[in-house]
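Each chain carries a letter (A, B, C and D) given by its place in the written order, and its residues are counted from 1.
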Amino acid sequence: MLAYTLKRIVVAFLILLVVSGLTFSLSHLSADPALTIAGEQASDEDIEAVRKLYGFDRPVIEQYVNWLSRALQGDFGKSYHYKAPVVEMISGRIGTTMTLGFLAIVFALVISIPLGTLAAMRPNSIIDRFALLIAVFGQALPTFWFALMMIILFGVWFRWLPISGNTTWAHFVMPTIALGYYATPALMRLTRAGMIEVLSSDYIRTAKAKGLSPVSVLFKHALRNAIIPVVALAAVWFGFMLGGSIVIETIFNLKGIGWLSYDALLRSDLPVVQAIVLIFASFYVILTLLSDLLNAYLDPRISVR
Amino acid sequence: MSEKKDVVLEVDNLRIDIPVSAGLLHPVRGISFDVSRGETLCIVGESGCGKSLTSLAIMGLLPKNADRQADRLNFLGKDIRDFDERQMAKLRGVKMGMIFQEPMTSLNPSYTIGNQLEEVYLRHMSSNRLEARERAIFLLDKVGISSAGSRLGQYPHQLSGGLRQRVMIAMALMCGPDLIIADEPTTALDVTIQAQILHLLAELQSDFDMAMVLITHDLGIVARVADKVQVMYAGRTVEEGNCEAVFDKPLHPYTSGLLRCIPVPGKTQPGEKLGTVPGVVPNLVGDLNGCMFRNRCEFATDECKELAETPTVLENGHAYTCRLKPDEMEPSTGGRL
Amino acid sequence: MKLKLGISFVTAAGIALMSSVAQSAPDDNSLVIAWGSTGPIEHVDNYVNTNRTGIWFSRMVWDQLIYREPKTFEYKPLLAKSWKALSDTVWRFELRQGVKFHNGEAFDADDVVYTLNWVSNPKNGVKVQRNVNWIKEARKVGPFTVDVEMKRPFPQAFEFLSGPITIYPNEYYAKVGPDGMHKAPVGTGPMKVVSIKTAEEYVFEKNKGYTWGSPKGEAQVDKMIVREIADVQTQIAELLAGGIDITADISADHVTQIGGVPGFTALQAGTMRTGYIGFDAAGRGNHEPVTKLKVRQAMAHAIDRKSLVKNLIRGDAGVIHTPCFPTQFGCDVSAAVKYEFDQGKAKKLLAEAGYPNGFDIDFYTFRPADWAESVMGDLAKVGIKAKLTKMPYFALRDKQRKEGTTPMFLMDWGSYSMNDMSAITSHFFKKGPDDFALDDDVAKWLEAGDTNSDASVRKANYAKAIKKITGQVYWLPMFNHVRNYGYRKELKFIPYQDEIPRFWQYGWK
Amino acid sequence: MKNSSPFLRGRQTAEEILEPRPMAKLRRRVFKNHSFLIGAVILISIILIALLAPLFSPHDPYDQDLARRLMNPFWHDKKTNDLYLLGTDKVGRDYLSRLIYGAQISLLIGFLTILISGTIGTALGVVAGYFGGRVDMVVNFIINTRLAMPVFLVAMAAVVAFGASLHVVIMVLGLFLWDRFAVVMRSITMQARDLDYVKAARAIGCSTPYIIIREIFPNVLSSLTVVATVEMANAILLEAALSFLGFGVQAPTPSWGLMLNEGREYMFFSPWLLALPGTGLFLLVLAINLFGDGLRDVTLERER
């Protein structure tokens, strides 16, 4: 188990290294940071001076190594546009995004696990068809479109929910649903498939033959096994959701790092973009690592493999 | 016939129907038997004959879409035909235990052996974890698992198939049931282990004075442990009776065909050809007429197509369902025992 | 029910069906504003910001020495009571007495001297150097008298002193610096900052001490909340749902739509923001056709600017013929060569230039695509196939400066609300990174105009520049933009042409 | 399926007993599978509309005239509906024609993206699955690296870097959406590698590419198609989201995502400008998903 964990951590680091390298070179392809820093009214000499000062005239590799060594010490530089330290900008905003992502994944799980389970218990029943409908619709519904429709209906028309901002829990309702609904189909399908498989497994038959109560059969014996892959997928989806938060945060005016990355892209604010890509990637890597370890705990067979 | 003294389970005309896309499937079409305390009934037949469904029907574990009917289904004198899931759950595990064919997958991989053993006891006996644990250790010891105490903390994947089946047996016995149903308990195991497990089952059955229904396709096993034998084909009993009677003088061509398939120590000569029963099990969908074995039967005539499937009962309780008279089957094809 | 709702939803002609908004002014006499469609204020410190909303913010919190009357562009006293020129390069200002900063600090000559000297020092990193780099030194002459010396004769000085140069409290600023000002701004202006959530929300209250007769007037509301909302549609949703009272970011079509909703008013106000199509006449990006004068002239004739203005911009916008806004100093409309819409002429010119069948060209913009598409539709009719690339402003600007590979671009310039053509024409045609004409004559004339304090000399030079720029079609000036405002009917709203809404002046009816 | 009950496992099912011919069986399954049918019908209709766009669309989707901008659809304005059934957009182009041509763009993006991503993913997956060992480790690492990249953000960054256009969007999506192909192909190839006839081919000395193409590829084709439908839907939605934020294809291309971006300005007052392209997108993605789901059910059963 320990060796397994260590190996996974090393691989995770390597992945982040490659991701950061790719992002760095990509973003340095896109813009000349000296221009961005020098600003609107800068002369050619100003731009040249900035280029020298920041070392943009150096080879990209050298710049990357410099950036990486500072990033490893927690210094992602200063925003070209806002002149504030990137770390400060992100740390002030990441909470909103995490809250949104967390609520959305909880929403998705709260919808998909019971519905998937019910659907699996009664295949081809009304509830199964309803669940399938939700899944099929959810997969086809563009998130941003769904978000806009909700704003029109619940924000403007009925005025049930606040439209923008993050001051109260009510502000998170629409963004959570919009973002969470996006993950629901995948999680529900997996719950259903997993439950069907588990419910038809021999050990569930054994559990029934032991005269256990249906509740115990379902929750103790079936759900725990069926939920293992769902947990893994939910972790992966949490990572995806951070990506989806770009659109959602922009629409609902939640000023998290999703919005920040969008804003930074509009301004070619490279240090911010790089840092956020790296943060999203780290989240994915850490979450998959954790979910693997959690799986190993929930299903003792895994760590033996 | 047994003395009808302490009948544990009585089944009369059990039928199972399952709707499938092509029509109504009749996997079990009128099975009757009874089994008493201390008695072992063996149900024999090849794959697809309905023997496993019969056992599941008794346990109330049929798939939801299967329809179970019976003229009588008495367990410990109570009619359990109309028992709902909750009532059945109170019988299962405590009054009737079941052992399945696949020890490798029949245990939940996520929980320890101890947990899975204790939970039956905790569920049915008003007792505490400590007693459950003692009972588990006692039974693991009883089924021949050494250092039972330390095994409790192990997960199923840490055990071999034979050990797992022993655990399954222990689990079925946790609450001291009156009836134990073993559905091909040794099929998935190594040959050497098979004998041990079978021996163990027989031993435990007499120790605990239970009724046992043993389902198998292996006539060799039947010969060793059965008091009564029931041979099933295509969802019906084709022959039943005392073990000796059936083995000595099989009256149904199918039974005799099956018996030809097994080598008998001391009787089968080296190099002698073992028999087979050619052909496949017929389709059991829709309305069925005549003897279902006719397409594989060497004695079949046109008469068999119309034949009502009513058993002929001999005076010793030995019964069979065939148009042939007891002596019409050629002696050479059967009765080698 | 659901179905009916869905049908009526898709078919609804408008939101007019909705329950209308509360019809009275808020009880606490507050005003909620949404802005931010071009991104949040990058830094609340006025000198570290370039965003327009930062200018709006600064006018609420700080005052300048001089007040420029927004309608007549006349200079009036603000923090300075009076002024006179001591020489070509020195102005003396008599300051107003009895003014207090929001933190209680009294306003005097020290504040002015400190602010001007601090911002004019390049080391302090004022973001728009052009705003301040003409100041040589500010000197305290008396407790309320200050001399400001310029590096050279600088005729536009008052535009800057009445615009971007706001006066900071010297003691406070010396202590906290730009970052402190960013977190807790302190000024003399009509609104006092209560709290700031960067890029999200700014809360103000009325500066009760603003009673010294400022021409800007006292605040009409007791409380003001500004919400930075990036998405215009979200702003409108909030407006319709009653979450905000006014937005200044909407489009011309929104004005028609919102104006039709009971309880709301929408209006368009022309600004001096000047839209233009720039051509890579100097050939920085090696696109041959646009380096030819006849091609540029042909395009000037081919584009129906009137129709574009009438259909897409509307309001009091108009076609512009000068590379500057006509109210700006020196922007002489009569000097400009005008191009009427005449596609026949355009085709003829194209044929003469050697492109009888037109050509393909890349066309860049950061503004709504429909404006550019309208242009493209016109060009297509004379055979010029333009391929549009719409990109974010910053990316487009960087692309232009870095690669210069933008043969044709629809852009615009707001002149930082300065009423002097040096703020626009001199920026683009003095061989800076944004100059795609690289014309020595034009650069020379503009320099002469920028640095002479004699108004008539300036005008003469600027006129020559305008004539050459339009004659050579380095730019095809298009139209002046409008700002579109949507707000609750009960709000007393006054639009201004300099693209700076004075939010503190808007009270409830 | 009803007969997939565990309790019947290992026993013959009625269908197996009846045993009709394989093709008839497949046909029956296809026609019994409603989602497959519905998906296929919608998808084929959309493909036909896209292919025959010039026939179906009443106007040139690029023909603009500011004088007739923002005309209402037929249910609002009876006078104009003869000419412009669904009204016009903000530069006066026929909305119906643009919707019809929009199907072309979405399908083009979907198909080309999966062509690129499918090639990359399949190559990586098959190589990893066939060779195993170190090769597999490297490919796994590449897959994980790809999964760790936030697709949407990096795609936006790439679009900024290379300039927004149809080619760039397709390239970027193609270069990003190969992971599922690789994962699925890898595991299937691994299983296929151990099949007897593949072993046999290896034993008689067939070359590796030959084995992969002749023996393994036919095996994975149905799974490949299923993955392709998932990724195609994914690509279409991603393009829409990119275009919606202004990081996608350029005006005046009639992409549904871009139309949503443009129509958003009118979402409160002329909601059809948003609802119509949204519905188009929804139907297309729905159809692809239904088709893919159905295909999986149909083919998986066949393989069982």
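Following the convention adopted for this analysis, contacts are C-beta pairs under 8 Å (C-beta built on N, C-alpha and C of every residue); 3 or more make two chains touch, one makes a residue touch a chain.
Here the structure is a predicted model, which means the values were calculated and not measured.
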item: Shortest contact path, chain C to chain D, counted in steps; value: 1
item: Chain pair, A-B or A-C, that carries the greater number of C-beta contacts; value: A-C
item: Centrality ranking, top chain (CA atoms only); value: A
item: Longest centre-to-centre distance from chain D, chain (CA-based); value: B
item: Where chain A and chain B are represented by their mean Cα positions, the distance between them in whole Å; value: 53
item: Whole-Å separation of chain centres (CA-atom averages), chain B against chain C; value: 90
item: Whole-Å gap separating chain A and chain C, where each centre is the average of the chain's CA atoms; value: 38
item: Shared-contact residues (touching 2 or more other chains) in chain D; value: 5-7, 160, 264, 267-268, 271
item: Overlap residues in chain C, where contacts from two or more other chains coincide; value: 9, 15, 233, 237, 240, 392, 395
item: Chain B residues counted as touching two or more neighbouring chains; value: 61
item: Chain D residues within the chain C interface of the complex; value: 64-67, 69-70, 72, 75-76, 90-91, 160, 163-165, 246, 250-252, 262, 264-272, 275
item: Interfacial residue positions of chain C with respect to chain A in the complex; value: 9, 15, 18-19, 39-40, 42-43, 48, 50, 127-130, 198-201, 227-231, 233-234, 237-238, 240-243, 392-395, 397-398, 401-402, 427, 432-433
item: Contact set on chain C toward chain D in their complex; value: 9-15, 232-233, 236-237, 240, 251, 253-254, 257, 260, 307-308, 310-312, 369-370, 372-374, 376-377, 387-392, 395
item: Touching residues (chain side chain D, partner chain A) in the complex; value: 4-7, 35, 141, 144-145, 147-154, 156-158, 160-162, 233, 237, 240-241, 244-245, 247, 260, 264, 267-268, 271, 274, 278, 281-283, 285-286, 289-290, 293
item: Chain A to chain D touching residues, read off their complex; value: 11, 14-16, 18-19, 22-23, 26-27, 29-31, 136-137, 139-145, 148-149, 152, 156, 200-202, 205, 236, 239-240, 242-244, 246-247, 250, 261-262, 265, 268, 273, 276-277, 280-281, 284-285, 288
